[in-house]
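Shared chain: subunit A. Partners: subunit B in the first complex, subunit C in the second.
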Partner chain A sequence: MLQNEPKAPYVRNRDSAFTVMMDVVVALLPLYFMAFYFYGLRALMLGLASVAAAVISDLACVLLEGKRPYPRDISSVVTGMILPLMMSAATPYYVVVSASVFAIVLVKHVFGGVGQSAFNPAAAGFAFAAACWPSQVFSYPAPFSSPAPFGAITEGLASGPAWSLFQGGVPTNDILDLLLGKFLGPMGLTNILVLATCLFYLLFRGAIGWQAPAAFFGIMVVAMMLFPRIPESGPMSLVYESTAGMWIFGGIFMLNEPGTLPKRSSSRIAYGALAAIFTILFQRFGRVEQTFAFALLLTNVFGFTFDRYSERLLRRLRRVYLATRTKLSEKKSAQRA
Partner chain B sequence: MAGNFTRGIILEQRKEPALRRKLRTFLNANYAGMLFDSDLPYDGAALSGEQIIELAKLARIVDERDGVFLHEKLEKARQMKIEVVVGDAIDDEPYVSSQMNPLLFMQKETGEGLRLAAKAVGNPKIYFAIYKNLSDMDLKTKLPKDIDGVEIRRIHGRYPAEFRTMDDFDSDGPTVMIGVCSLIHLYRAVYEHRIQSTCFVTVAGGCVANPMNLEVSIGMTPTHLFERCGLAEDPGYVVIGGSMTGEICEDPDNYPVGTMSRAVLALRDEEKKRRYRCIGCGRCAEVCPENLTPFYINRYIELEKYQELAFYDIHRCIGCGTCSYICPAKIDIAENIKLAVAELRRRRRQKEGD
Partner chain C sequence: MQPEQNSVKKNLRKELDLIFVKNPVLVTGLALAPAVVGGFTVKNGLGLSLVFGMVTIPVLVLASFLGMLSPKVPQYVRTIAYVVLAALMLIPARMLASGIAPNLFDSLGMYFSAMALNTVWLIRAPLCQEKKPQWALWEGVCQTLGVSVCILAVSAVRELLSYGTFWGNPTFLSVKFPAMAYAFGGFIVVGVTAAVLRWGIDRVHDIARLAQRQQQKWRVER
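Then we have the complex of A and B:
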């Protein structure tokens, strides 16, 4: 919307779309720092390539649609930053760039643009890459092995604890290493302590609401504790699953992507819960080691429906409330008379 | 206290320094002559309820709260056997204090005015209502507990507060609310037989050198008022009414300020004209005091799917502007809703006309 002359209200909140998204960017920066710490320059270069691809394709789409670009819309930067963090640090550049372009062009724009896309662009981009190039995305270099910043990497790659879990085995990693993120895994989301800090930062800043993550993490934690899929005690299963899996990162940065998240609190809770249920089901019956992105894409389909039902419920409650209120006051005045 | 848990937003009040300053007058020469003829005594105690209503009618007092003639309001309240009369000095919008300030600085008139109104209605309970925001630490003015012996009730909670005030008094019985300024006019109608020819306005905003509350003759222009209070800089735009729901004044040289104006604000054009798209954050739905989902309403308005709007209960919107305030994409949701409601009404009328 172009704002030519001010309209009421004439005082406005300081937060803008830019600052809200900037909060997410700020929360993603420590993850890039961790990626840099483990994998050196290549991690940053992958991020840069992805962001550049996302921003350029976003701009191209907006121009092709014949609209004026929105210079302070940085949602494509966020998508671009999220994508490579979920992949191996050895992922070839072409995979990252294609995932990014796919996310922006085919998912974000074909399905409606910012705030309207039916599917989470980052999750779709990752799902696309994981489906097309699984061996590149899921083979990881060892931390501190300093992969070459440019060019293809084929040597010294292996699968990580997520693969062992997927096979139904217990990872052999040291627990401390797992908690600190020093193991074979996606380049940016292995350190669960940093992730937890990001979550609290975003909640505290109000960039994300508490409803969806609370429902999602609540169900995930309980399910991991009570029904481990590996022969281990509940708490150990939780440690393995939460460090090796992608769902903690996803529950913070992808589940809460404003465009696909329902708008009403009640539907947000249902949405978070459904995402958790799908993630667990996919873990048991799925064919890939990282299931969150796929589960989220399926959950996206229900976002609007949830809002619709929640609105319908709200309408009914509102009418019941109003009816009882009128009845009460009528009764009161009848008593007085 | 229930108000503290309501939805809505916490706003900076920005009522100072206008609230603290003494109420001043700015009248044209006609004021002295604006009296009406009546044989009734200049004494509230000697008058009956009907006589008070008759004086209100002769004085042509309009309630600044809703634009209703005071005598009609009192008459109706009398028939409805109202049990509570509330002097409304709520002023829940930032900058505006044109009810609170007269209440504080004309305590005798407002207190007696409220008692006269109560007498006209049939001696119900009386209160004044003032809004206590969660953030009114910035109020330097100490608010008293009572005005001329009448208890002040504080309306708590977030903006918007005015629309739910009735609920706060509901437990006391059927309630009528009367604006404080019209109570002052009622006092003068009884004790001076004076026709209402003035109104109370707050002159404030970033560009005003000396923000203050003025009693002005009806029909003065914003430009007159700015001359009286001084402009520190050229205003970016002039607003008639509150900073949340007021309207832009296109022609400050000729616009007549009236009873319902309440405030004249000269605001800086500091909001950079940035363009954003709705990011779908859902904050508008979190704050809407009526618990609507402005996101979907706005979206269907933009898509021109007017048939969907009824499902989202668009007609329950009270136009408070809370959603536009909070929206990080700076979308004029409330304005869009207002236009859409008007459009819906037009279509319905057209249909009925066929």
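Then we have the complex of A and C:
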């Protein structure tokens, strides 16, 4: 008998929950660097406050549940890092902290903690902040205006191109500024080039699968090109929508959250497509300028259903395939005889 | 003790459970709509519990009286009688509500009238047909107390969080969560209140069990 018998999963994958989460954290760091470049120390401090609130509330919930804290679980750090990037750099600290506490306590832990949550915690936290304090979350300071790192900021705030798109007008920003992210917008997700780099990094590291983002971005790009909601040509509409909106960031970091994403490839494609359809519908008929978080929350409900139905569908297809194959082989053998 | 007295005590205690241990809203999940949507200020909460009492108690008593009639009267006829009585009771309820605060009826809007068909009497009235009128009355009172305790607690929390006020008076709270006045905030507050109530009930049960064990020990020692 072996003295040191190996434990149950004999074939282990190199990737664990920790490495995947760490990849996401690494991919989020350049966005924080860009936020620091545009808005100075306040961006970093907002991120720090959000992460601290998320980690402390996560620890408190785990202890309340009577479990032992697991230091390699850094999903709350990811949630805390994603949240302030979607908000204005002038957002008060209490907004960021309460959004993060809401996301962890009432969205993640009420449904059973890591990997069990029915809704994406970051999207729910953002939706909570957007519903409670729309004026603070959606009014942005100008880039390079160096807002004070602490205290409330009330002057020099304005709405960005997302608001003019929401009103049906064409933004007046320079195209180069839009592509480089130098315009009034959420502090971490204006630079589309950095976001694209993050997407490729995560895809090549294997932290996210290609199915859901491919379906999501495919449908979004086609819809933006063919049916622009502003009086502009298709490609220009795509540039405006993709730079001003939140959906590129969301499609990379929030759509692929492993807890809410379906497990099968086919259902992931359907999930991404549904998220795109909901995002477009919310853009046309919604009442908020950044609609992705709300659309994602609605899509989250269908994640489990897609998995179940795709399993049933594949089983049925396999049955039909096997039946036809046996029939064909019987025919062949009859012909030979 | 005589058996009759015993049953009286048992019945009294059984219905009193409706206030906390079997709270109709927080434990059974009945009459959720007014607590979730309508009760976002304490005034509204008080108005809603008033309408609830005015509608539910007479309907349950009527049910027990109708239960004394011959069983040939079909159930659908009885239900129509309950609905008519509930709708009629809205008139005195509105008079009382305007006595509490002049604009209470307008601020409650649809939820005032929607209280007439609340799920508590829809479920309890057929069961009250087998009860004596005095016990139906006692159940109605206890149901009303349970619902009012829940709605008042929830609406107080929601008013404090969303407007930072209590009964319209400003309080010390400076950070406000305006979303708590919406239905989604109502769901969150009702859910958290239900969780806290169940946790409290469990602790009370634990303490009672401990006390029982201690008593048994003492008896053995004697």
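The rule is simple: the second predicted complex is superposed on the first by the 307 of 337 C-alpha atoms of A that agree within 3 Å, B and C clash if a C-alpha of one lies under 4 Å from a C-alpha of the other, contacts with A are read in each partner's own complex, and residues count from 1 in each chain.
Everything that follows uses one rule, which is that a contact is a pair of C-beta atoms (placed from the backbone, for glycine too) under 8 Å apart; a residue touches a chain by one contact, two chains touch by 3 or more.
All values derive from a computational prediction rather than experimental measurement.
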Who does A:Lys331 touch here: subunit B (first), subunit C (second), both, or neither?
neither
With both complexes superposed on chain A, which partner does A:Phe128 reach: first (subunit B), second (subunit C), both or neither? second
Larger residue footprint on subunit A, choosing between subunit B and subunit C, goes to B
**Study point:** First, second, both or neither for A:Lys263, with subunit B first and subunit C second
**Key:** first
Just subunit B (first), just subunit C (second), both, or neither: which does A:Arg287 touch?
neither
Does subunit B (first) or subunit C (second) touch A:Leu314, or do both, or does neither? first
In the complex, the residues of subunit C that touch subunit A are 175, 177-179, 182, 184, 188, 191-192
The answer for subunit A against subunit B in the complex is residues 1-13, 15-21, 68, 70, 72-73, 75, 113-116, 209, 258-265, 268, 307, 311, 314-315, 318, 329, 332-333, 336-337
Touching subunit C in the complex, subunit A uses residues 94, 98, 106, 110, 128, 131-133
Touching subunit A in the complex, subunit B uses residues 9, 11-12, 14, 81, 83, 94, 170, 173-174, 236-237, 239, 243-248, 265, 267, 269, 271, 273-282, 284-286, 291, 293, 295-296, 299, 311-313, 316, 321, 324-332, 334-335
